[in-house]
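For clarity, chains are labelled A, B and C in written order, and residue numbers in each chain start from 1.
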């Protein structure tokens, strides 16, 4: 069929994919030049996460922040993770950071950088500690619940755990008030199976958006006490703690991109039905 | 974060920006040597970081203190760990089955005991627990939808009986329920992918000082 | 005897470790054997994580050795950047117990690695956009349901959805909170039964794919 014989919809269907890519990439930039701000409603799972932390954490409680996302997922996970870190510090929690991704060191540095104003008043070893990397294995997570010292003999900088003030009486899941797991994969499953169920330690998820679907049954059945879903969850948490930051700004780009995707789906289906009728 | 001022960081920022453009030259233009250069840079750096952090430093951190205290039993997992590398030898690859046996055994044992309560028991309880007294019609509708929907969706995966007759109706409903679930999952996937890409678009502008850092 | 060492002993180890881990659930925190085994498994996993790197690096070494057209210069670059990164990281670890304290390693980690990682991960954003245009057609009721739920969730996740029409976030929220729940719950339950069945088969030595057994071996 020659180019002239094609209908409008058929021509549209044959547009080079790169045209779409350029439209999308340029479209995503617009809100960063001219911000597009609309009110953000708080979802029940994010509110439960926020309120759960506020209700459960007393000053001095030890909390685990599990970094199970790589540097590549910062745009999605980091805003919510940083917001939760700020909230925990506000509540007076002592935080243990550790992670199941080999690039956890850089993510930890980034958390410190994003929450710089909060950490400057805290003392390493007394208010927070960084234990480093553990393998992405259910056995490792189960063993951390039984004895943190069997996996981490020292902190990330070589100091034995017994010489770190906030770790003196902390070795088991029962010594931990709650676990917040930032995920791109299924590490939170391990915490549910090896911490939440046998020891009763409350667990919440700070995951990429797809995990909002996968972990919904856990949240609905009360296994997870809260859940932040992707960058949207990050924006909601920023609103709840009263500090709009990266995720709030990025919702403008989410508006543009999501509208583009829906327009693409609608156009494609109109074209499909039009060509089918023909 | 303020715009970096240290020369190494400013240089790093621009290197990062250029490498990003090199990678995007593939989808936005076509496969080219510049893209392959950036791709190989990533693999080289990533492999090194992975080895430093996992097999080398974390292993030393885990085994050196107990070994120095005379815990010679820690030699066993070290030997087993290195036995895994026999996977690279066609002749002796069977040796690697021993560490695999330990890993798989631990994985299955922990997984099997772990799924019983949160994945089965809690889900069944949550499905059949009716709304509290005084719940409205919407709550009851959601309860019935989730209860019947879950049963029908599970029936879709029951392959012992042919999906015909009453079973056929139930599994068809189950398939629709699954499609709704996958639709929501797709919606969330779009959020994730676009959040990632918007991060790059933002970085593109930040380096050029068009958007604030 | 050799055959027994290659097969039966291996299956027996798997079965023993599986049973120990399973039974320990009823004695949580009181059984040292299980805890020791888990620590071993963690160390084994840690050491074996280098396997993929060794395999990949040897492939690139072969590319260089055989001067594979269009590939070998990139393989040389990969090896150079790999050596620079690993040596700087190890220098940092040996001198300060923290690889990140080496400025070169930190620089390579912070700028090239982070940027490339985020860029490569984000590339699928382009593909999902073109897939939305080229693949998502309401060809039947199943596909239509998927598309309707998907579009409402997409517009709910973006705050602009509520600005277009107030009903969008209400319907989208229903899909997120209730609509998807039965399907996701079904996946959890079905996957759990699958894991139990697969685990018991492995326990009995009936499931062997993960040992890397090659046909005829």
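Here is the rule we go by: a contact is a pair of C-beta atoms (placed from the backbone, for glycine too) under 8 Å apart; a residue touches a chain by one contact, two chains touch by 3 or more.
Everything quoted here is computed from the prediction, not taken from an experiment.
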To reach subunit C from subunit A by way of touching chains, what is the minimum number of steps? 1
Per-chain Cα centroid nearest the overall protein Cα centroid belongs to chain B
Quick one: point me to the chain whose Cα centre is farthest from that of subunit B. A
Between B-C and A-B, the pair with more C-beta contacts: B-C
For the pair subunit A and subunit C, the C-alpha centroid-to-centroid distance in angstrom is 16
Subunit A-subunit B separation of Cα centroids, rounded to whole Å: 12
Roughly how far is subunit B from subunit C, centre to centre by C-alpha average, rounded to an integer in Å? 5
Got the subunit B residues that touch at least 2 other chains? 24, 27, 49-50, 53-54, 58, 62, 103, 106, 110-111, 113, 115, 123, 126, 181, 184-185, 188-191, 194, 196-197, 199-200
Check: subunit A positions touching at least 2 other chains come out as 21, 24-25, 72-75, 102-103, 105, 134-135, 137, 139, 142, 151, 209, 212-214, 217-218, 220, 230, 232, 254, 257-258, 261
Numbers and ranges of subunit C residues touching at least 2 other chains: 25, 38-39, 41-42, 45-46, 49, 99, 109-110, 113-114, 117-118, 120-122, 125-126, 128, 132, 147, 150-151, 154, 157-158, 176, 180-181, 184-185, 187-188
Provide the residue numbers of subunit B that touch subunit A in the complex, in ascending order. 1, 24, 27-29, 49-50, 53-54, 58, 61-62, 65-66, 103, 106-107, 110-111, 113-115, 117-118, 122-123, 125-126, 181, 184-185, 188-192, 194-202, 204-205, 210-211
For subunit B, which residues count as touching subunit C in their complex? 8-9, 12-13, 15-17, 19-20, 23-24, 26-27, 36-59, 62-63, 73-74, 76-78, 80-82, 84-85, 87-88, 93-94, 96-106, 108-113, 115-116, 119-120, 123-124, 126-127, 142, 145-146, 148-150, 152-154, 156-157, 174-191, 193-194, 196-197, 199-200, 203
Contact residues on subunit C for subunit B in the complex? 5-6, 10-11, 13-22, 24-25, 36-51, 53-58, 74-75, 77-86, 89-90, 93, 99, 103, 105, 107-128, 132, 141-143, 145-154, 156-158, 172, 175-176, 178-193, 195-196, 198-200, 202-203, 210-212, 214, 217
Which subunit A residues qualify as touching subunit B in the complex? 18, 21-22, 24-25, 28-29, 32-33, 72-76, 102-105, 113-114, 132-135, 137-139, 142, 151-154, 160, 189-190, 192-194, 196-197, 208-210, 212-214, 217-218, 220-223, 229-232, 249-250, 253-254, 257-258, 261
List of subunit C residues in touch with subunit A within their complex: 25, 28-29, 35, 38-39, 41-42, 45-46, 49, 96-100, 109-110, 113-114, 117-118, 120-122, 125-126, 128-130, 132-134, 136-139, 147, 150-151, 154-155, 157-163, 169, 173, 176-177, 180-181, 184-185, 187-188
